Structures are given as structure tokens and as C-alpha cells.
Amino acid sequence: MDFAAFLVTQCLNALSQAALLFFLGVGLTLIFGIMRIVNFAHGAFFMLGAYVGYSSVAIAGNFWAALVLSPLLVGGFGIAFELGVLRLLYRRDHSAFLMVTFGLTLIMGEAIRLIWGVNALEVRAPPALSGIVFILDEPFPLYRLFLAAAGIVVAVAIWQFLERTRLGLLIRATSQNAEMVHALGTDVRLVRSAVFGIGCGLAGIGGVLAAPLVTASLAMAPTAVIDTFVIVIIGGMGSFLGSALGALLVAFVQVFGTYYFPDLALALMYLVMVMVLVIRPGGLLGKEA
Amino acid sequence: MATSVTRRAAMRASLVAVAAPAVLRHARGEAPIKIGMPLALTGPAAEIGEQMRHGAEFWAKTVNAKGGLLGRPIELHVEDTTGDPATCVRKAQLVVERDGCHLLFGMVLSSEALAVVPKLAEWNAIFVSSDNGDGRLTGSSFVPNFFRANISGPMETRVISLWLRRGEMKNFYAIGMDYAWGHNSIDVFKDEVAKAKKNFVGAVFSPIGTKDFSTYITKIRQAGADACFIVMQGADNNAFLSQAREYRLADKVQLVTSIVDLNSIHAVGDAALGLAGSTRYVFTIDNLANKAFVEAWRKEYGTEPDVFEGEQWQACQILQAGIEKAQSTDTDKLRAALETAAVDSIKGKAAIRACDHQAVQGGYMVKVVKKEGFKTPIPEIIAAYPGDEITPACRQMTFES
Amino acid sequence: MNFSRGLAAAACVLALAPAALPPYAMTLLTEALILGLFAMSLDLMVGYTRLLSFGHAAAYGLGAYTCGNLLLHTGMPLLFAVPLAALFSGIVAIGVAWVCTLASGVSFSMLTLAFAQLFYAVAFKWTTVTGASDGLAGIPRSPGPFGIAIFAGKAGFYYLVLACLLGSLLFCRMLVHSPFGEVLRGIRENEAKTLSLGYNTRRYKIAVVAIAFALGGLAGALYAPFAGFANTELLFWLFSGQVLIMVIVGGAGTLVGPIIGAAFFMLVSNLLSSWTDSWALFFGLIFIGFVLFAPQGIWGLLSGTGRAEGRERVRWRFLKSTS
């Protein structure tokens, strides 16, 4: 394998991983921006996405159906939780959210075990995407190209949504100053419900997209939630662009770092995080905390 | 607290009673044989814990239906460790101190077993392992109250190396999960490759919980080996195999894995096709005991028994042989009896040896193929090796020749 | 005073426990007290200084590994190894805190998380010291000095743990009622104001982190010989999350509350998981129930004192959010 081929394929790998991390991170950061809560259960929503994806494929026989159904169902569940529980807690401090989302993580993990069992489940990439393409004579999975593209498309879509639509405007305004938005006559509670639903739905998409690579399994949630924290913190809590930047940085460091220093694979992400936070305590694009 | 505990104990006992009402009537008045089983039933290792539980429950039910062991019913005390060694030690201590179990099964992870074995003497308890692979349990960490009924990590690696010796392949690479079992197995493999006068071109270890294997797959491709030895299990194994298929890795390199199990095959589907590997147990083993076992299992659970279900069944057979021989469950008598326990069971002959308490048994090499009558691919036996060829010398982890 | 009378009563009851409880209950109780000490140490940071640490497992792991190594390899008596390990944990904390206190708020929490995870990664790789993924097994309760062997037994070790817990509780109580504690509370309520009054708040924060780590390290140091082993899970972020939950469930800023919270967390999870495989479901529901119906934590429920403090905190938050 010549160096050019190596470089190109590894960059594409990193992009595809960045896309998966971005789906997780952007949801968490949007939720944090609006609600000032750290959603401990984000990894559980990601895992739920994968399992709902599995069932959608099994019932509808189609990966694309899963890609639509899963975020809807997972997002819907998120909204229900926001309405039923979180809404009662906005006057309380961080610790209350930490506890309920920790509790929710336990409940979801167990519910998934009861519904789908303990064995890992296969979710296949759609036939159209399971092929390979040759890049500079190196085989590269089509599915990973699709992941990278999906990441870019969704990132641009969210960006446009935040910039151009009324709801997007409200979201940005609420994250700046919720009282002001409320005073101007908008029901901030609706914005919060919507954002929590969107955030969870994005985690759900991430789950479906990750499933062909890692299978749907109970091991998904714990590792996902910590990765998500890291990229959101590196990017800056509450910053949309930050989550994209954090995802890219972590993915590239992981892919190239693991290649050149395999012994450091476990520590790389945290080293980057410490370095970023020491230089910029609020994260790359965050406000000074 | 006390009331809930007695209630719980009663509940467990009644569970076994439901399974075999005739037995308890028969064996009324006889004290049950209590076996503690700390298992990972939730969390990432739950797949294996669930299998071990099935294996032991099926055995208890079978034995109880026949009037028990020494006329005493078997009572299993299962506890969830979540796969965490700290919890495992606590739960093991609970079943010993609260439920009075001086026989232990279970402990899914080697790290759990390694944390528990130093305590066995203090608890006056015997632990019969059915899945802990770490070579040190019968080596540097050996304790007299530990028995390994299953094939160890070095043994499964030996099976692979014996198979590879016959083949044409010259250059080998290895990838393992970055923990004890991975390092231990790859060390043995490296040693074996050297003895066969072939080339070991390198190894890489991935942290537990790795999700993206693209970098590791690139490394394997670049190594230019004929075959890659894989030491992975659970979610990491599934992720690796799925992604190896994505990159068509098998077109270039023969993948040889240290453990082939049905769960992974179900999880990754066709990505497992063509995979060669050692297995600790496979339902296609051709002998009468196994045929009867598979038949009975299908009737009970509607599926084929998987690796750890078969291994647990064999461990139960060995414990049963020991208890029958000792005519007692007294720790000292049972230890002495187990040291020479031998069974002719689903994997053929398996005999504990006194020097390190490892069960000497045959090993199987399988290849994953598509077969008529099965929805998913199944492992087909391509080679079998007798116990004396694959078991290391006493308390050793590597092989002499 | 009410507190000292209550404490004396609790101490008496706990001191009599070995005579009344069966062995398994003693095992659980001993571990509950160790975790209680651990949770209480975090309360100094969370409850009194508003330093929300997501990486407190680092303290526990440092203590456990240090003590484990001392006991395994130096033959040092238990009574020396435990405090030495606690001290070591506290010293390491000074370096960690120096970096972490560069940030504040959520960033502080995340830096502590990052450090704990770095320690975790190091422990995973530094095989000679930590035993990597297997951890250290067979850690003895070495007797001595002068042949004192009572702590090696079940009841003896329990009394050692109890003494450490009560001693630490009294120390912490003294600390939070001292001028030093006043400054900590000042930092909790309004750091900028405290700074403007001429206190070097960062130095105070580093000091409190070091003390919390030393006490958390003490808990870890007790755990290693209690369980006989130490492994990487003791450093994992999940454990940091759990201890934070213990503090909140018990009632932050009360010292006693987190001890009860830890005992509650451990005993309930144990009882539930013995009762059903689906214990996590009920455990999760309990947490959500607590947040909804008992916001002041267990200690607040029990004593009513937490409520007053809770009101005070709410008022402070209100002030902050409007400023």
C-alpha cells in the first residue's frame, strides 16, 4: 500500500467515524445549550436506536425504513420523557438531571435486555451499500463513504435549520437567553421538548448507522456516552460547530494515533481533552466556563 | 433484611422444586447440594453468563428429575455480578456466607476468577470453572480449591497452532483484545509459530470496547501475513468480524480465531463464513453422549447448545463425578476425589489431573460453513486433537515441542 | 449538641453490629462503610465547595493500588500501609487539582473526568504496578506493628473501617465549621465575591481537592485489603458517576447524608439484584422517584435539616440566575 493510498483511506475512515460521533455529539450539545443539562442517558438513546433499527429491518425488511423509523421512535420516546419527568425539574440544579438521566440509563438498558435479549443482533447494511470501491487500488467499503456523506449532509442540514427556520432561531435564542424568549411570548417549554426530541432522535440515527459496524448489543451504551462527553467538551458545551469540530478532531486523532501509537489507543482521546481544556477551559468554541 | 433473605432463599429453592417436584418428594429430608453461581447476567458479558446459567440449570433439572445427586437435590444460587470483579467478589462471598454454598460455578471473566480464587481457602469452597481461559489459573495463580473443567486459553491456541503446522501458510500476524486473555494467548501463539519454524510478523492489541477497527484492519493488511490469529470475544469480536468483512479482509488473509461460538455467528451472519478457529465445544461433535445432549437441549430450549452451554454441562459432569466418587460434598473429600475425576462426556474423555487441576481433554478445530437445514452458518469440525497433545505440562502455559 | 449525641448513638449501634449480624451482613456492612467514607470525601468538594468532580474514582483507585502494592510487595503492616496510601493519593491530587482548577464549572468536572480516565488508561498499561486488566489479587491484611493481628479478622477489620469512617467524619465536620470551611462555602455561594475579599480561592480549591482525595484514597486503601484485590474498574468513570449519585441521593452538603446514600446504594442494589435479574429497572425507578419526591436526599428526609439547607441553596441559585 503506498503512502498516498494509506493517507486517503485513513482520512476517509476518520471522516466516517467523525460522522458517527457527530450524530451523538450534536444531540448532546443542543440539549445542553437549551436545557443546561448533561444527558447521561444519551448513550442509552443511541443503543435504543440500534435495537429499534434492528426490529425495523426485521419487520419492514429494509434498512432505509429503519433509518426513518428509528429516529422518530427514539425521538418520540425522548419527548415523552421530557414531558413526563424532565419538565418537572427545570427549577432544580444539575444534580437532579444527573440522577434522573442516570436512572433512565439503567431502566433503558434493562428494558432493552428484556425486550431483545442479551445476544448481539445483526443489522446489515443495505445491499446497495455493502460493496467496496477501489481508491488508489485499495479496497474501501462503500458503507463508510455513505457514513461520511451522511455526516456532512446532516451537519449542513442542522446548520441550515438553526440558521434559517423559525424553530432554529428560537433554539438559538433560547440557548442565549431563555428568559428573554419567554418574555417575548414564546413557550420555552415547547422549544425544550422539541430540542430534547431532536437530540435523542439524532442519537437514534447514530445508533442505526453504527449497527452494521458493531452489531446491536448491550455494550453500545456505556462506551458511547463517554465518547460523546469527550467530543462535546472538546468542542465546547452547547456549541453546534464545536461538536462537529470535536468529532473531527477525536476521530482523526483516534485513527492516526492508533496507527502510530497503538499502545496509547485508550489514552489518546483523554490526552487531547486535557490539552484542549488546559488551553481553552471552555472547549474549542465554547464560552469561557 | 433478614426476612427478605430467607424469602429469597425459599424462592430459589422453590424454583428448583417447580422444575422437579418429584425429586423433592423423593429426597425430602436430605439437605440440598448448594452451588453458588456468580454470573454476569447484565452488562456486556451477559451473553456468556446467560449461557452458563442455562447449562447449569439444565444439568440441575436433569439430575433432580432422576432423584438428585447422592439422593440430595441440586440447588443453584445464581447472582448477578454485572461482569465487575469487585461485585463478583462480593456476590461470591454472599453465596458462601449467606446461602452456605461451598461449591462454586460461574465467574464469566478471567479478571473475576482471578479476584475470587485467593479467597477460596478462607471460604472453604471449591470452584469448578467452566469458562475461565487465563493460563495462570492453573499456573502462577493456582490454588488447591480451583478446578478447570474447560479448555484454557493456551490449549485453544495450541489447537490452532497444530492445525497451522500442517498447512502451507508461513507468515502470521495476530490481533487480540488488550487484556490478560489476549496477551496470554498471543504469547503462546508466538511461541508456537517459532517452534514450527514459521514467521510471526507482529501483533496489535485493541482496547476493550473498541468500536472502529479500520486502523487495525489496515495494519493487518499491511503486515503481509498469510493468516491472522484473532483473540477476541463479545462485542469487540462482533465488531471486528463485521468490519473485516466490510474491507474484504478475508480475501487477502486467512482469519483464524481462538474461539468460534454460535452467538457471534448469529450476530455477524455471513461475515463469519470461512472463518477458521478453535472451539471449546460445538454441537456438531460426533459422539453418542453429545447427540443425546443436543437432542435433549433442543427439546428444552429449541436451539442448539452453544460453546459455554456445552462447557458448563461438561463442568457439571465433572463435578458430579467428583461428588459421586467422594460420596460427599465435604471440601477436603471432594477435592481429593476431583483430583482424579474423569468423565466420558459430550466432548469425549475429560480427566482432571492432580498436579494443576486442569481437565485434560481433546480440542477441536472448526470452519464456519453454510449447511442445509440451518438458517445461519454453522461450525463444521475440520480437525480434532487428543488431550495429551494440547494440554501444556503441569502449571505451564507454553508447550515443549 | 444534637449531632454529637446522634453520632455517639450511631457509633454505639455500629460498634455492636459484629455481635448481632451474620457474617454476610457484616461483609456488606463493612463495604457499605468503606463506600460511605468514599462518598463523604466527595461531599467536601460537591456539597461544600460546589466542585462537581466526575473523576473521584481516581482517588479510590490510587488508594487501592498504592495500598495493594505496599501490602503485596513490602510486607508493610496494614496499619501503616493504609494511611500511607491515603497520603499518596492526597499528594497526587495536588498536581491534578492544580490543572483542574484552571477551569471551573462544567469544565472543571470534565477535566477531573479526563484525569481519572487517563489514570484508568495508565493502570491498564502499567502491568508491573497494576497488574493491568487482571488487577492485583490476593492482597493480604498484613499484621503488625508489634504483632497486632486483630485487624486481619472479619470483626477486627470492620472496627478499623469504622474507626477510619468516624475519625474522618469528625475531621470533616471540624473542617467545614472552621474558618477554612467558611471560605469553602464562600466559594460555593459566590466565588468572585470570595476572591474579591482577598482569598486566593484557587489555593483553597486545591487544598479541598487534596483533602477529598486523601480521604477517598483512605477508602480505596481500606477496600484493597478488604476485598483482597484491586483492579482497573475502581478507576473507571462509571464508578465516579456512581459515587456522585451516592452523594446526591444521600444529600449533598451534609457529610452524614452521603454516607447513608452510599450504604443505601450498595445495600439496595445488592438486595435487588439478589431478588431479580431486572434489578437495574427498579434501581433506576428508585432514582427517578427520589428526584421527584425526595429532592433533599435521604438525610433531608430523615432529619428535616437538609430542607433548610436546600431552601438556602435554591435561593442562592435564584440570585445567581438573575444576576
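Each chain gets a letter, A, B and C, in the order it is written, and its residues are counted from 1.
Criterion: a residue touches a chain if its C-beta (ideal position, glycine included) is under 8 Å from a C-beta of that chain, and two chains touch if they have at least 3 such contacts.
Being a predicted model, the structure only gives us computed values, none of them experimental.
Taken as a graph of touching chains, this assembly is complete, with every chain in contact with every other.
Two chain pairs, A-C and B-C, are weighed by contacting C-beta pairs, with A-C ahead. Look at where the CA atoms of chain B average out and do the same for chain C: the two points lie 37 Å apart.
Distance between chain A and chain C, defined via averaged C-alpha coordinates, is recorded as 32 Å. Across the assembly, chain C contributes 124, 279-280 as residues in contact with two or more other chains. Looking at chain B, residues 41-42, 178, 207 sit in touch with two or more other chains.
Within chain A, contacts with two or more other chains are made by residues 109-110, 113, 222, 263, 266. Contact residues of chain C toward chain A in the complex are 52, 99, 102-108, 110-111, 113-115, 117-118, 120-122, 124-125, 237-238, 241, 244-245, 248-249, 252, 278-281, 283-288, 290-292, 295, 313-314, 317. Chain B makes touch with chain C in their complex at residues 1, 4-5, 8, 41-42, 79-80, 84-86, 89-90, 93-94, 97-98, 110-111, 114-115, 117-119, 134, 141, 178-180, 207-208.
Listing the residues of chain A that touch chain B in their complex gives 1, 6, 9-10, 13, 16-17, 109-110, 113, 118-122, 124, 130, 132, 139-141, 143-144, 210, 212-215, 217-220, 222-223, 254-256, 258-259, 262-263, 265-266. Against chain A, in their complex, chain B makes its touches with residues 41-44, 46-47, 49-50, 178, 204-207, 209-212, 214-216, 218-219, 221-222, 234-235, 238-239, 242-243, 246-248, 263-264, 266-269. The touching residues of chain A, counted against chain C in their complex, run 38, 40, 85, 88-89, 91-96, 98-100, 102-107, 109-111, 113-114, 222, 226, 229-230, 233, 237, 263-264, 266-267, 270-271, 273-274, 277-278, 281-283, 286, 289.
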